[in-house]
């Protein structure tokens, strides 16, 4: 059988396969070149970028939980300028399709980052991290309300001609309406889920494990929640949905495609297995071959509603 | 050192210790008598009761996930009448303090169940399960909005003189405001969290694992989320907060007490270890002895905000 | 003191041996001897960590021991993560075991002839029944089916005793015994049964659902009584989660019954197939 | 082909032996030999399931082998769930290993005298440095501290070779060698050092943070150069999660630097203690 066609269009950006890295778990992408050729991935999504370099939170940034981990990195990053100057040429050299994840403390900061990135011809897409605390809204995430997500999406949309993905926070009552608000305000695709807010404390020292007290839960623990939200979002919108959350292997990735995701991002799994993304890609190809599935579209969204008794 | 005083008041119901079972994971309580004397627990919280016996969902009700499980039991239960007639006498015989968890598909059904239970003198408290889909609100849970929770709490409050706990759904954007709404509408305590909505599918058969497609995620996987929500709720309200979610051992239980819970409920842990509740109780006692903590209140809510660097 | 009501105990593994990569047999000491009815089961875990989270149901294969020193044995097939983890445990390591659970086979009827039918690893609850019947000198025959000769239970596990009964081995590929499915062997024999013998017969069956369904249908047709041991995913194993229900006939309506509590052994006519 | 850039490999355990319940030494084959700088580390996992989820950082203790057949060794102390699981693994079972990671000790300066200081399991990155220095016939002494005699590394693990250097054992309870903390032994010796010898000295230290802090302070006071191997919780181990940062001096300001990438070995004066 010929190699299955895994290519898929993610709101303007056509990628050769649906396997991408998740922002914040893949550095700037180039750190993975000792492990494999990153141009094999559908796209490399880099660490969240802010306008100026950001120091991030004090140590006590990560803690392991059952089948998961909490992080409160505080979005430490080198800033958009150094990204464009130092990193982009290396990603280009590596032949990678790459996407910039962006965030800001204000709408204006989001806009400025998006504007600067729009000048980078090789950039595949901009992914807006809507889980960041909105300082004007008392720390509630931009993505916590339909109004907030609509405003953020619209404002960034106006500053860039790049393909625009909006990455949704799972810490909401109704993910479908949030996804619809992003779609209605100009998002070319939505990616979800970001981390779920959690907390860990030490019952002996009586102190939080994270300097920031709360952090974001990721890893296999959250997969069932991510899968449900991706399914709900995919039913609600017509733009592509990118599934993220707890994907560890090809079977997990296929589950997200099955419930309607057009592509997936792999996050925490990279920590235990730096080759996780390619291993997953190879596993999907093998499954499609075995099942004689010629194109991704034949499988995607094909969930049968009835359970076999 | 003398035995530490673990007693605590849970909005009118004073329990001798803060360890209780979580509804739906402990049957009607009497099933545990082969394993230990259930009167040792602070309280036994029984399976959710509806007005009429309920058959529940078709098989395909549970599926294991990473460090957790999804369930879609569909609240199968014997109905309030048989509970009062058959089970209550046996719980009385066992000397147990017991609490009835209730639910309904309509407000009227909740009221009817609460009214019937109010006639049972030995009943310690009523816990209202606010995670049930509200048929009039298109399946959204009663507990999904502040308005919904306020209405439900008020209506049940008016039908009963019993201590009233309201069990909150974690599938919301802002748990603190939900907890406040319950408090403002007459809840004597809030318990949280119920399960997080999740989903599991089989990538080969292309079908959901649960007949109901989605189910509730419980177990260690959700502990970080539960702990965060309990912390947020405890800061927001003055009524007692009962912590539930992923508690497996004494350390876990202590964490919930530390962030402000007055008591805890143990759910999924009972499945792997039928003695989980007493083991946890014994562990808390041992820890208090070791640390020379004489009363629960000395420890409870004692989280220091700063992480040791 | 020997016990026959559910208890949660810690077992220490004495041996855990694989047979041809297919079946494992694990033996553990437990604090006291357990008395069980064939068909009853245990919830077993023992791997560290919370992933997988839930214990696994396994039929009690053998139990014994003396006061203060019980012993229990299970046989299992590695099919997924939990059983793979079990197979990696070593002597000296511990198991968490809740047992005995559920309702086993009803073997207490006088003067009956039993056919014990085990498909695949289903022999694990059928062999203990053979042991009891053998000890009681009751008349029985055993039908054991597998895909190939290698998938049959090892000969030395087969219960012996004074009246071991006849054993019919069946393999789908014909590498041993009857060439065909165990169901076919049973159905063939059933067809030849006189109405009179049929009325004295009880079939006890454990195996894949499809096998049980066919045997139940054939037994009903010949008015032979049959007890089937069902399987289902379980969280607790002792009746408190309502996760393991199956549809049973309750008069002319159906109701959900717990495999772990009302079962795992049901009268075949009760099951909604 | 031998490699010295990070690779993710599968190891097969050759042995995994405990010493007095305190230290374990695990040896595994890997596809190719790895070249490492003492102080570099690996991220190691191998237990089944996702709980615990993250691999554990362990210093590379020894490595060797030939083309197509590498070998690597780690020593570790059981302190929590991950290391407990490691200690339960058996020969033949597999490990997942990413290595070599981080920046090791700088041993490349000519004509220097080295003091190698290891507190607790800190000897795991100090011994490999002793091996390199011994091979190079460089001058060095080793200070090894532990709570009691039983908590010292077993004698036979101590690197020998032609110039094994002097070893000072220190125990807090006085059951072996110097009675007191290893820090006290080092501080005492430092005090007696001539300024001239101090200028030729480099301290390499690995152990609890408090020990490193005191040694750094004393070294700074005597203008002795010191390199310290820091520890921190890690998710990835190769610089992509920013979870493992510590505060370092960057001129007169501080900045967060990754222990796994810019470290684990830092110049002691850089660290914000």
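In order of appearance the chains are A, B, C and D, and numbering begins at 1 in each one.
Note that a contact is a pair of C-beta atoms (placed from the backbone, for glycine too) under 8 Å apart; a residue touches a chain by one contact, two chains touch by 3 or more.
The structure presented is a predicted model; accordingly, all values stated were derived computationally and were not measured.
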| item | value |
| --- | --- |
| Farthest chain (mean CA position) relative to chain B | D |
| B-C compared against B-D, more contacting pairs | B-C |
| Rounded Å distance, chain A centre to chain D centre (Cα mean) | 36 |
| Between chain B and chain D, centroid-to-centroid distance (C-alpha), Å | 47 |
| Chain centre separation (chain C, chain D; CA means) in Å | 53 |
| In chain C, residues with contacts to at least two other chains | 49-52 |
| Per-residue multi-chain contacts in chain B, two or more chains | 58-59, 65-68, 219-221 |
| Graph class of chain-chain contacts, one of line, ring, star, complete, other | complete |
| Chain C residues within the chain B interface of the complex | 5-8, 45, 49-55, 96, 98, 232-247, 255-256 |
| Residues of chain A touching chain B in the complex | 58-60, 65-68, 70, 140, 144-145, 171-174, 196-201, 203, 205-211, 213-214, 217, 219-225, 227-228, 231, 246, 251, 254-255, 258-259, 287, 302-309 |
| Complex interface listing, chain D residues touching chain B | 49-51 |
| Chain D-facing residues of chain A, complex | 24-27, 31-32, 34-35, 47, 55-56, 58-59, 61-69, 71, 73, 76, 219-221, 248, 268, 270-275 |
| Chain A residues touching chain C - in the complex, by the definition given at the top | 66-67, 220 |
